Amino acid sequence: MNKENLIKLYRDMQLIRRFEEEVDKCAKKGIIPGFIHLSIGQEAAQAGMCHVLKKTDFKYPDHRGHGAIVLCGTEPKLVMAEIFGKKTGINGGRGGSMHINDLKCGNLGFNGIQGSTQVTALGTAFASVYKNNDAVSVIFMGDGTLGEGACHESINMAATWKLPIIYCLINNQYAISTHYHEAHPQKELKTWGEGYEVPSFRIDGNDVEAVVAAAEIAVQRARDGMGPTLLELMSYRWQGHFSGDPAAYRPDEEVAYWKAKDPLKITKERLLNLHGVSENDLLVIEQEVELIIKDAVEFSISSPEPDEQDGLLYVYADMEVQ
Amino acid sequence: MNKENLIKLYRDMQLIRRFEEEVDKCAKKGIIPGFIHLSIGQEAAQAGMCHVLKKTDFKYPDHRGHGAIVLCGTEPKLVMAEIFGKKTGINGGRGGSMHINDLKCGNLGFNGIQGSTQVTALGTAFASVYKNNDAVSVIFMGDGTLGEGACHESINMAATWKLPIIYCLINNQYAISTHYHEAHPQKELKTWGEGYEVPSFRIDGNDVEAVVAAAEIAVQRARDGMGPTLLELMSYRWQGHFSGDPAAYRPDEEVAYWKAKDPLKITKERLLNLHGVSENDLLVIEQEVELIIKDAVEFSISSPEPDEQDGLLYVYADMEVQ
Amino acid sequence: MSERIISFSKAINEALIQEMTRDDKVFIIGEDVGKMGGDFGVTSGIWTKWPHRAKDTALSESAIIGLCCGSAICGLRPVAEMMFADFIGVAFDQVVNNAAKLRYMFNGEVGAQIVIRAVQGGGIRCAYHHSQCIEPWFMNTPGLVIVAPATPAEAKGLLIASIRSDNPVIFLEHKMLYNNKGIVDEACEEMPLYKAHIECEGSDITVIAAMTMLPLALEASKILKKEGISLEVINPRTIVPLDKATILASVAKTGRLVIVQEGPKVLGYAAEISAMLAEDLFEYLKAPIKRVTSKDVPMPFAPKMEDYVLPKSSDVLRACRETMNF
Amino acid sequence: MSERIISFSKAINEALIQEMTRDDKVFIIGEDVGKMGGDFGVTSGIWTKWPHRAKDTALSESAIIGLCCGSAICGLRPVAEMMFADFIGVAFDQVVNNAAKLRYMFNGEVGAQIVIRAVQGGGIRCAYHHSQCIEPWFMNTPGLVIVAPATPAEAKGLLIASIRSDNPVIFLEHKMLYNNKGIVDEACEEMPLYKAHIECEGSDITVIAAMTMLPLALEASKILKKEGISLEVINPRTIVPLDKATILASVAKTGRLVIVQEGPKVLGYAAEISAMLAEDLFEYLKAPIKRVTSKDVPMPFAPKMEDYVLPKSSDVLRACRETMNF
């Protein structure tokens, strides 16, 4: 990968990291309502996948999807304000952390029921075929979500009809407290995709270059009408399932091992050692990101709460709820 | 396989064949209510599987399961009377063709929602482990039913927990009008099982000896605590989806090809040519079967209809419905 | 107006073809709806015309509804068939948590303009997994519209309106109605959603009855007329949202209400109508609001039992007489 | 009777441990119910005691309920957890077409003696996929029992009774109640199902309120007492089947009824209560039957909006005053 792209990806990952860290802080301060799933540690998987996508593609970030969401194209401050439940949020505060959509840039991160976007994506992918355009549909999902029956119905239909779908399975090895080997029979989850004769690859999900390379193949196959691809991106969430979860179910060494495999650190080292980028160049990027995040948090805090009656909007196309 | 067993299997298949033929006749005469799915052509798959099972095993025949049901141990006339909706039916006429249960012999053919028994069987199999007994659970299913999400949830859990389950998938190549290659991506459906690292075999489902051999392996694995096995038994239904369906969606040559592969004929020829059984020996068996079928039909026709209020029974354990 | 007489199922078929001709964003999807033309033959002839717009699927009801939602996001107008309404149980989440909430989730930017044709109801002797009435499963979920035609003309007109609607519509097709015949205008256009129809005017008792219950109510109205009891029979046509205005106006006039509903009594849709009246029109009521329903059991197979479980003409007559004599 | 005070969630935990100790056919199953002790910590300590009777599963709700049904056929008594009640949508078919009908399908020989613990309701700011009230999804299905405890003592006693029941029970645990504290007898045994509880006697208006709605009703009763309005507050405890006798007796006395229910109004369980009364006790009614409910929308995320959607104390007061002044 060339330097410019890798720098851009470093910036993307930095944006995710800092976004999530601030969300975490604000959640712990109690100024974000509800519960929050953070993607710290999984930046490379999200950034690498988003890197190869167009605005017109359909992206389905999941509950741990803030990272992919801020890279889809929505202004980070509008995402942050949504997480805060503010009127200025991209969905007017109706959705919150688990439901952040922005159709303008193909962000369909709306569903809190695991497995649901798997079958919804059949529809956006089907529409690409129906309308004969080149948009692909990318489902972000976790290892645990693979338990849902909807995953089977989805890949079965996608593979049969050769729909342009990418199953971007970020295997962070746990579903809440349950290790994927306790919930699934396969040594590698990619084996599941092979059962449908779907090209399936296990990739180091913390190596953003490896992710981009695999994602490019998958997206090209989809655009070429060759059907779905399953990418199993191995990664880890540094925190517990939700902000505040002590995650006592994971061995300390495991956490330490994965923190050492920090996707940002890996990329930074490559930039410094292989691409002749200076610490200072990166500092500039980090500061630029810092401004965005600071702005997002301030914007969110200072934004007004929604009107209580806003919750009554948009139920029917042609009727008002009283 | 020794002669005695093969003769017994011939008799079992003859019983299914003749049972179904009479059901078909009565349905077409209009003396059976509702609709009926016949298993003519699939006798070897049903008989071969049932042959290796005990009364204490849990059998889940599906909508095309009359054959397996009469081999589970329930008296054929009680099954027939149920199909007729008579008071003397094994379920008092409450169930009919699609819902014929008899717990005494482990017949759990109760479900008309495709995919449902797949997850129910997890429970009977789990109970075997919980109680530490050797009962296995056998799910009869069609190629089309594999579309249901429940199949995935079932095999995923069964394989992870090594539950004693056999997926007896009778691939008769059609789900109503839809060929399995139109609904599923795999060349062979057994590939699906391999996606869960479940031993999966495609077998000639019209060769009763091949079915028995495979079933024995699968059942032994289950009893030994080695987990589930998937058997894809290739076969064909001679009739349409339901009694009366003209099945115009199938090429005539295909039907002719499979009728030539008649499982009864194949077995009969083996008995005559390889085992020194005489035509007359087989005639005796056929006549014995004939008596059972005749008795079943007469019993069913002459049995009383249920009382109308019988439909109100057994809703709650401790309350009556008015 | 032409005097063309066609069946209920033919009326649905015509509506589909008419809308697919008019709008190439409309497509049909479901198990065996394409090549074979549907398990009940309702979609016949469509696949031949538009093979790419008549999709036969695997047995994957969640995928079917999910696909509908996704394609609706892209502006398409899918019409899905649930071969038997009961099977929607395996896709319940997709209906309730995806289709119904899609507009809300998307801030009104898009919604799930999908139609789910669900073949429901008892009477054909196919027991508890192929005979249920599903509207109570969905009525508590805001965002859904539930439509219930009783005649071929309604089937055609309401289906056209449902396809054009920007809301997700569950379109109930009672299987016992498929062979019923009636006058349907070939050039028929949409019949308005959310509007009940007064089938016959009367002054003593308002009787509300949808789908197969409507003939029972109309029969009762003829019989009771001879006894000097005048029924106003209302066919709701749309079950969610109910046409409150028409119902209230009628009961305000008659002061008496009997609701005839197929399906178990407990929290069937008759409960909502009754509660609505008990709340909004109390002072006009002259007698208890009666619900004539199926018995509270799974549907048994044997004809005698099934007939016993379903509401009967005599039940309607008894309820009306009791109401009148209160 | 001991004066021990414990939380609602602890009460459930105790009930589980007590029944698992008593009967080795009882086991628990669900996502993260074992090692971690449940997403809300309700099953903590069980896996340590009985690792083989506390099964952590994949995200497979249909498999969970299906497994429960199958194991019930073999005589076991599973207690499943739906981490959030909303997720039962993906297992809807298993509840409605398998568990509920199992006894019927098996001719009464066996039934689904299973408990599904479903964590439901709004208030914790987690929006429309984690805040729903699910009882209306299931009430029209014969064969199911739906239980709705409001206090720690009820949680314990009713859960014990539910586990011992031979019917499939949906056991609603409102998440806003988990931290509520109350007196619970350590040796507590079952509290009878199907019995409503009169929380306070009164003469003017019967108010029915379950789970988190009960405190609203009790608060209203205190406030209105000062205005000379006497409320009889009934906690139904079991929602299906309703304790008709207790409710009818109360309304026969007061002649007025207000039902306070969380969840959208259209065909919420208040509709069934209202319809039941309008049918059976019409002559005793002095005023319209009022339903105080959530607004008919998906649950929005932002606190201000969520609070606006949920029923409030002031809504109850207004409804009672209007009823009284009718």
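Chains here go by letter, A, B, C and D, matching the order in which they are written, and residues are numbered from 1 within each.
The rule is short, and it goes like this: a residue touches a chain if its C-beta (ideal position, glycine included) is under 8 Å from a C-beta of that chain, and two chains touch if they have at least 3 such contacts.
As the structure is a prediction and not an experimental result, all values here were calculated from the model.
Visitor: Would you kindly say which chain has the C-alpha centre located farthest from the C-alpha centre of chain C?
Guide: A
Visitor: How many Å are there between the centre of chain A and the centre of chain C, using C-alpha atoms for each centre?
Guide: Each chain's C-alpha centroid was found; their separation is 41 Å.
Visitor: When the C-alpha atoms of chain C and chain D are each averaged to a single point, how far apart are the two points in Å?
Guide: The computed centroid separation for chain C versus chain D comes out at 30 Å.
Visitor: Between chain A and chain D, what distance separates the C-alpha centroids? Give it in angstrom.
Guide: Going by mean C-alpha positions, chain A sits 36 Å from chain D.
Visitor: Would you pick out the residues of chain A that each touch at least 2 other chains?
Guide: 94-95, 99, 111, 113, 146-150, 153, 156, 160, 182-184, 315, 321
Visitor: Using the touch rule from the top of the page, what residues of chain C touch 2 or more other chains?
Guide: Those would be 57-58, 60, 62-63, 86, 89-90, 93, 97, 104-105, 128-129, 142-143, 241, 296-298.
Visitor: Draw the chains as dots and join the ones that touch; what shape do you get: line, ring, star, complete or other?
Guide: Graph shape, chains as nodes and touching pairs as edges: complete.
Visitor: How about chain C: which of its residues touch chain D in the complex?
Guide: That would be residues 62, 86, 89-90, 92-93, 96-97, 100-101, 104-105, 128-129, 136-137, 139-143, 240-241, 263-264, 266-272, 274-275, 277-280, 282-283, 285, 287-291, 296-298, 326 of chain C.
Visitor: Which stretch or stretches of chain B touch chain A in the complex?
Guide: 146-153, 156, 159-160, 182-187, 191-198
Visitor: If you look only at chain B, which of its residues touch chain D in the complex?
Guide: Of all residues in chain B, those touching chain D are 58, 90-92, 94-95, 99, 101, 103, 108, 110-111, 113, 116, 118-128, 130-131, 137, 149-150, 153-154, 156-157, 160, 313-319, 321.
Visitor: Using the touch definition up top, name the residues of chain D that touch chain B in the complex.
Guide: So the residues of chain D touching chain B come out as 27, 52, 57-58, 60, 62-63, 65-76, 78, 93-94, 97-98, 102-111, 113, 142-143, 145, 165-167, 194, 241.
Visitor: Using the touch definition from the top, list the residues of chain A that touch chain D in their complex.
Guide: 33-35, 85-86, 93-96, 98-99, 111-115, 144-150, 175-178, 182-184, 249, 305-312, 315, 321-322
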